[in-house]
Amino acid sequence: MSTTQEWPLYEIFIRSKNGLEHRHVGSLHATDAQMAIENARDVYTRREEGVSIWVVPSAEITATQSDEAGEIFQPAADKVYRHPTFYELPIELKHI
Amino acid sequence: MGDQIQLEELFQQRIDAGGKIEPKDWMPEKYRKTHIRQISQHAHSEIVGMLPEGNWITRAPSLRRKVGLLAKVQDEAGHGLYLYSAAETLGISRDEMFDQLHTGKAKYSSIFNYPTLSWADIGTIGWLVDGAAIINQVMLTRTSFGPYARAMVRICKEESFHQRQGYEIMLGLAQGTPEQKAMAQDALNRFWWPSLMMFGPRDEDSPNTELSVKWKIKRKTNDELRQQFIDITVPQAEYLGLTIPDPDLKWNDERGHYDFGEIDWDEFWTVVKGNGPCNTERLKARVDAWEEGAWVREAALAYSEKQVIKKNQKAKLAS
Amino acid sequence: MSLRTYILSLSDNAMILGHRLSELCGHGPTLETDIALTNISLDFFGQVRSYLQYLASIDGDQVTEDTLAFLRTEREHHNCILLEQPNVDFAHIIMRQYLFDVFQLLQLEQQMLSTDETIAAIAAKAIKEARYHQRFSESWVLRLGDGTEVSHTKMQTALDTLYPFVHELFTQNDWEKELVEQGIASDVKGFESRYYDTVFQTLKSANLSKDDIINRYAQGKNGIHTEHLGYILTELQYMQRAYPNMQW
């Protein structure tokens, strides 16, 4: 087993072109944010896949846990009145 | 205990319905372990796979071939990285996976334990080995574990050029001088059977297949995939005017497939067990790179830590 | 004739360093660094192809980028000998890279103004690559120079070994002077002091110190090399020499 501590993991987000949002593309290891950006450039944009890169230390991401998914997400399931199809209008109406 | 069974049932229902499993979702321990093993072996194969082809980068016969090969071998490093990332979401570190590779605990594809003895081997690897890998990988883009499937989508997109590059090299040789054609035939002779072995043991000798099918790591069995590969590849060899080194290879009208000769499974197990022609060299190359890089990794980390301390001290002084 | 030698010298710098970096593919200290160094190698081979395709168009006849790249003897290579120095360890690789990157960036800035349109165009494309190379190698010089004691010692050793070759980058042969006067070649003397300013600044930040020793035998530009080049060419040219006149 290697005695050296492992380089921290960073999550990489790339905007493929202006007008689109940054999207998560994967992760990589780097010693700091600057190196993470450079590594991301070499690893994830070899084929002109990006115009902008975000890097975030994986350890800094706070995520929902799967065992709380029920209480967090399911209450939205029966709120059908948030969707346009809930409201009944005559079909001959246009542009609404 | 009842809870456990119910969870497993729900889990399987989700997969059966075509749903994906994400890292933080509940999963049976066996699912996690199998995926760590499968994804890390796949990653190791990419990394070790750089070596036989990397052999010929400095000797590539033209500048066009050189940049093509460099970019291809580099892609393999990238693909290894994507796969290690996918495995890391399951709670294993890349260092641990490297350690398993370096100590011989983890396996990688046996095909990379064969030597590359001529330039034609580079063409043959691209054509046959990447060809065989693609069949597997396309199937894996629809596997149940989200990060693995996403890595495979990316990899398949990038690898589409690898097999074309290999076949183009073969085409050049097959249409070249008699010497070049002989070089191509020799490479095919050496790589044909090992390529067929890439699909793994026969179905009756493959204990993991059932679970793999259940979790959609596999949608077809080893033998089905092997047959698919042969059916695709034979016409490609004919187009090159090369002879596949199997006297029993024959189209079977009834089956709608090619019949083929018996694979030397003794050789397969010999190489899997570590006694192939280049097992020792391949592993040594990886271990050397890792050990020689230790001081670099350590120094980069120490430098970043120093920068953080400096920054904090500055902030303290300013306040 | 002097234009020909000049293009070869530009191309050979890129080719020999690109070759050295390509030897590392698959053997880097981390996957990320492996990929980064291969990118740099690919940039150099891209430059080589641009230069040699240009030269092939001047030479005409049966000359191609490949006959130029693979069929010259040691004495017909015009790279500075810094670039053929071996990959002793990662410290040597980074130091060699940095010492050249700063030079190449300044050289390309000048070459963008060349009266030779092709040389100017190649420079305009390569300069973006060179900026990134310098950013990469400089950050690594700092990391390793100011990292751990071990890395510092290794970087100092690399600097001691490689620094004596730096002065050759700024030598000017007669053929080069002639081209400078014609506005074709960049005048290395014009940016020599900027080079040393930049390099000293970085070395200082990295806690590294240099001796002013020069290697007076460094005459790669004139085709006189170290023993290393012969071995590079043996590998590089193997296929073209063993199987002459074939298409690949």
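By letter and in written order, the chains are A, B and C; residue numbering begins at 1 in each of them.
Rule of thumb we're sticking to: a contact is a pair of C-beta atoms (placed from the backbone, for glycine too) under 8 Å apart; a residue touches a chain by one contact, two chains touch by 3 or more.
Bear in mind that the values here come from a model prediction, so they are computed numbers and not experimental data.
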Check: interface with higher C-beta contact count, B-C vs A-C, is B-C
Taking the mean of all protein C-alpha atoms as the centre, the chain whose own C-alpha mean lies closest is B
Relative to chain B, the most remote chain by C-alpha centroid is chain C
Rounded to the nearest Å, the gap between Cα centres of chain A and chain B is 27
The distance between the C-alpha centres of chain B and chain C, rounded to whole Å, is 35
Cα centre of chain A to Cα centre of chain C, whole Å, reads 41
Multi-chain contacts in chain A, i.e. residues touching at least two other chains, fall at 7, 28-29, 31, 35, 43, 46
Expected list for chain C, residues touching two or more other chains, is 30, 32, 35, 39, 143
Multi-partner residues in chain B (2 or more other chains touched) are 71, 74, 78, 81, 294, 297-298, 300, 303-304
Residue positions on chain C within touch of chain B in the complex are 19, 22-23, 25-35, 38-39, 41-42, 45-46, 48-49, 52, 65-66, 69-70, 89-90, 142-144, 146-148, 150-151, 154, 235-236, 238-240, 243, 246-248
Within the complex, chain A is touched by chain B residues 22, 24-26, 71, 74-75, 78, 81-82, 85-86, 88, 93-95, 98-99, 150-151, 154, 158, 290, 294, 297-298, 300-301, 303-304, 307
Seen from chain B, its contact residues with chain C in the complex are 47, 50-51, 54, 57-67, 70-71, 73-74, 77-78, 80-81, 84, 119, 169, 172, 176-177, 179-180, 285, 288-289, 292-300, 302-304, 306
The chain C residues in contact with chain A across the complex are 30, 32, 35-36, 39, 135-136, 139, 143
In their shared complex, chain C is touched by residues of chain A numbered 7, 28-31, 34-35, 38-39, 42-43, 46
